[in-house]
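Two complexes follow with chain A in common, the first pairing it with chain B and the second with chain C.
Here is the complex of A and B:
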């Protein structure tokens, strides 16, 4: 009785009581991280939503609440619909074709010879080169008159292309460059994932008479699924927010052929001074990425095996 | 003979020296053959070559007379139980077993029946839908066993299957394995470096050293009739004490054969007791034989350290080895030069 009395914090009241109660609350402990996160991401996000409902001129500082006018404008604009279409097409190729390429290269390079190790390092370098440089290099190589690509193609008597300058080839060119740039990082992750699968699992499969194709789909892919899911989610997001390659190579052209939603936001805001519309488009972009990530995550999480 | 290994040679890529060379071994049908030897002697290598997981550099392997040296592992009709179980972590217990069965010509119903049977046999009934990470080490071991049994192979290959289990579970699984063996009558080829496991389970023991077979015999013979100094010192807990005689032959005796009583016929020598260890059933004494080395004695009587004793071995407890350390006929002992003990 006596002892418990002495240690009864409640009786002291005041600061101790407050402090103890406070410390039981986990949110207090993560408050520093939360506040940073709020200030740097949640606030700008809310601000974007807020601006999306306004007509705003930052120079004069005039702001007018217009409710859904900006959104209505966007959905009635043929350009914006085209931009959405472009973005989905772009995403589809970056995600699926890109992932397939990464997987194939990863499997091919997953050997421990010096040559393979060297190639692994080389293939990773695009990731540490600035997108701007990558874009410039490709613009040089894709130049219709004197570029490396057309020179090689014509040497072999193959049809040449206008690459990023042609209305029908610009999108393909931009996709190519984006995939090329992100391949190294993905390959590296896939190789790390493959190395995480122990040899004896494959030996057990061989003893189980499993053919290589069967082993690939029933053993390798499931055991690689956490890596693949991570790549899928990050690639979807990066496809939606792709900007620098577009800005450098095509400026969304020709005739909006490569205009993607992130670039469109930039165009509306910085070039046409339509901040309200820009932010409305950004909100739509946000809804897209959030939904797709959520779908990815919840739908695939059940099928993904985490060790 | 079920499996015949002839003139087997193995050189790992990247290294010059063979791990195994000129090895011949015939494994009897229905036997429980244990490959026993110190770490690094090539037991795993040999087993993996039989399984087909490791290429054979030279020589040939045949199974029931058919040459399987270069056959795919899955086509050999052998099942393997790995040391770390190697069960598929993303499949249920049932899935683990069914994965292999699907590659055999079997109907769904046949598979279900087979799975039910092996589940009962390994005591896994009720665990069919568990994931491997929801199982204990012993249960995972059973899954690996069930998977092996389900294919009704011509032989089971097991590489230290019990070494990841704690002592108690190991004893239990050991007796379950023996029961399984008795029930099925299939050939077992079992790798271990634990001689207790070898002596208790085997019908035949292959004692190996540096990729060579030192003795291939019954557990009783390996224990009581060692073919050479290596086996004499390797088998038994502890192994034999071995003296080199002054004409470079060897005599050996079991630590339990040593006595402080005078013997009518035998060898006797003076020794100082260094340490006494209590082992429960009896004591283990380590002696120094002045100028010749140390040896070990086992006795029920406790002896005080630091004192000098006169130790003797009766003649009938002596083992004789020739200059090449192979077992030989008794010879007159000229004098004792040096003593070897395996632990040293």
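Here is the complex of A and C:
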């Protein structure tokens, strides 16, 4: 006993003792994260809500409580209504069309040959590349005169388009780029979900002479529903917060055709110095995303479908 | 009998050919943009905006890379990129690991409430809080400093959440056994806990590094001059530089290749490795990072 005690003392000198004590004090361990959480996430959120009810001119520094004037302004201005419409349109396309594409590719790629694996890797690549880089790549390819897209279209005799520069095609271009970038991640999760479905269920279906289409809609889709719902909610959130591609490609332009709510907040706050209006829009954004995350967190706890 | 068998075989062959063609089309859709970037980056200024575009550069202008490297403030931005990537990643990883450890393995008062608060940033997107943070920073006078950028990454709710789940799945018996053998807290953490959550740690490190390297929003929002601006913002200023009504796509693409290089190298190395392993019949199904993300995703469900 004595020997081992002495051994302990020798082995665990100053630093180890300090470390042991530190590792037992939970409050010290969580302090850095919690303090910054309070100071740079919770407090700014409250500050944002506070600013939403104020009119603040940052140059003269005058602040005035105006209650719901900012919100009233937003809902009366045509721009903001258009922004909300744009956001919903963008969301609808990247969620439903995007999810359908991901599901189809995922089912198609669910095989284990080298070519399939290589395709998976290639599809996954855009996910880990900066969205700014993706935006630049597509700006080059969608350039009206020297771009690849118009060249290909005109060789097939199809009508060309102004892509991200035209008022009517800008939104479609932005949606296309977003779907192109996010496909890989979704496909990966869907393949993982498909491989997680046990074989014996399919075998039972085969023994019962189930038609392939019934197998797909009655077995594959329900058992894949946790993955699909997760993808659905994260994609909706990403639609509400997507900023990089918009900032890089169109700056919300032409004529607000691609101005989404996240970019609108930035535009009002940083470019037009309308802090009150920007934060009122941010509060609306916050209501959307907080609701969705809450659904994601609490409803998804109970998995969507039990075997 | 024989002909029916033959016909089925032919149909199967046609099916396989169609499948292969579809796969190749899919690969083209996702590789062509990268190919386009690479060839545009070595075209001359005029060839890059030529109509119709060329599929292969007439002559290779490798000096585009030299131009970017020398003229464009590139080294300053690259230095900023490296400092912010590694600095912010290390800070985020250390503080999140500490908090995750406490939430997973220690008992203290108010743990549930604090843990719930620590998930705040999953519900509050950056686009809501950037303006208040900008105002706070300008009051404190720390805009355009590395400190201001590092501060926002000390806390990351999702990292705390995933690492906590990782720590929680280490069986208590393992730690108890180590403790009975007289291991100090130090060796319990570094020899028992951390090695058993290695795959989670690697995933988190990779994801954090990649997201910091690609980071655009916070740098764009929190800077008013180019003191700490990183490479993605260099693209903005290159695109804004118009020479004789010509956008310098060649330079933009060269910069873009340099920004994407780490990720592309990673993907190429791992797909070659996967291919070699596949040839040796050791099938490697998904690229490493992808596989790790899936592991993480699974635990998201089992522990939330």
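By definition in this document, the second predicted complex is superposed on the first by the 244 of 307 C-alpha atoms of A that agree within 3 Å, B and C clash if a C-alpha of one lies under 4 Å from a C-alpha of the other, contacts with A are read in each partner's own complex, and residues count from 1 in each chain.
Note that in this section a residue touches a chain if its C-beta (ideal position, glycine included) is under 8 Å from a C-beta of that chain, and two chains touch if they have at least 3 such contacts.
What you see is a predicted model; the values in this text were computed from it and never measured.
Of the two partner chains, chain B is the only one touched by A:210; chain C is not.
By the document's definition of touching, of the two partners only chain B reaches A:201; chain C does not. Contacts of A:106 after superposition on the shared chain: neither chain B nor chain C is touched.
Set against each other, chain B and chain C touch different numbers of residues in chain A, with C touching more. Using the contact criterion defined above for the overlaid structures, shared-chain residue A:223 touches chain B, although it does not reach chain C. Once the two complexes are laid over each other on the shared chain, residue contacts for A:126 go to chain C alone; chain B is not touched. Of the two partner chains, chain C is the only one that A:37 touches; chain B does not reach it. Listed in rising order, the residues of chain B touching chain A in the complex are 51-53, 72-75, 78-80, 82, 84, 86-90, 99-100, 103-104, 133, 147.
Taken in their complex, chain A has these residues touching chain B: 198, 200-201, 203-211, 214, 218-219, 222-223, 305, 307. For chain A in complex with chain C, the residues that touch the partner chain are 4, 8, 11-12, 16, 19-20, 23-24, 26-27, 29-30, 32-34, 36-38, 40-45, 47-48, 51, 58, 105, 108, 112, 114-126, 128-134, 136-141, 143, 145-148, 151, 154, 180, 184-185, 188-189, 191-192, 226, 230, 237, 240-241, 243-244, 247-248, 262, 265-266, 269-270, 275, 278-279, 282-283, 285-286, 289-290, 293-294, 297, 300-301, 303.
Interface residues of chain C, counted against chain A in their complex, comprise 20, 22-23, 26-27, 29-34, 36-37, 40, 48-53, 95-96, 98-99, 101-103, 106-108, 111, 114, 117-136, 151-152, 154-157, 160, 182, 184-186, 189, 210, 213-214, 216-217, 220-221, 232, 235-236, 239, 247, 249, 252-253, 256, 259-260, 263-264, 266-267, 270-271, 274-275, 278-279, 283-287, 289-290, 293-294, 297-298, 301, 304.
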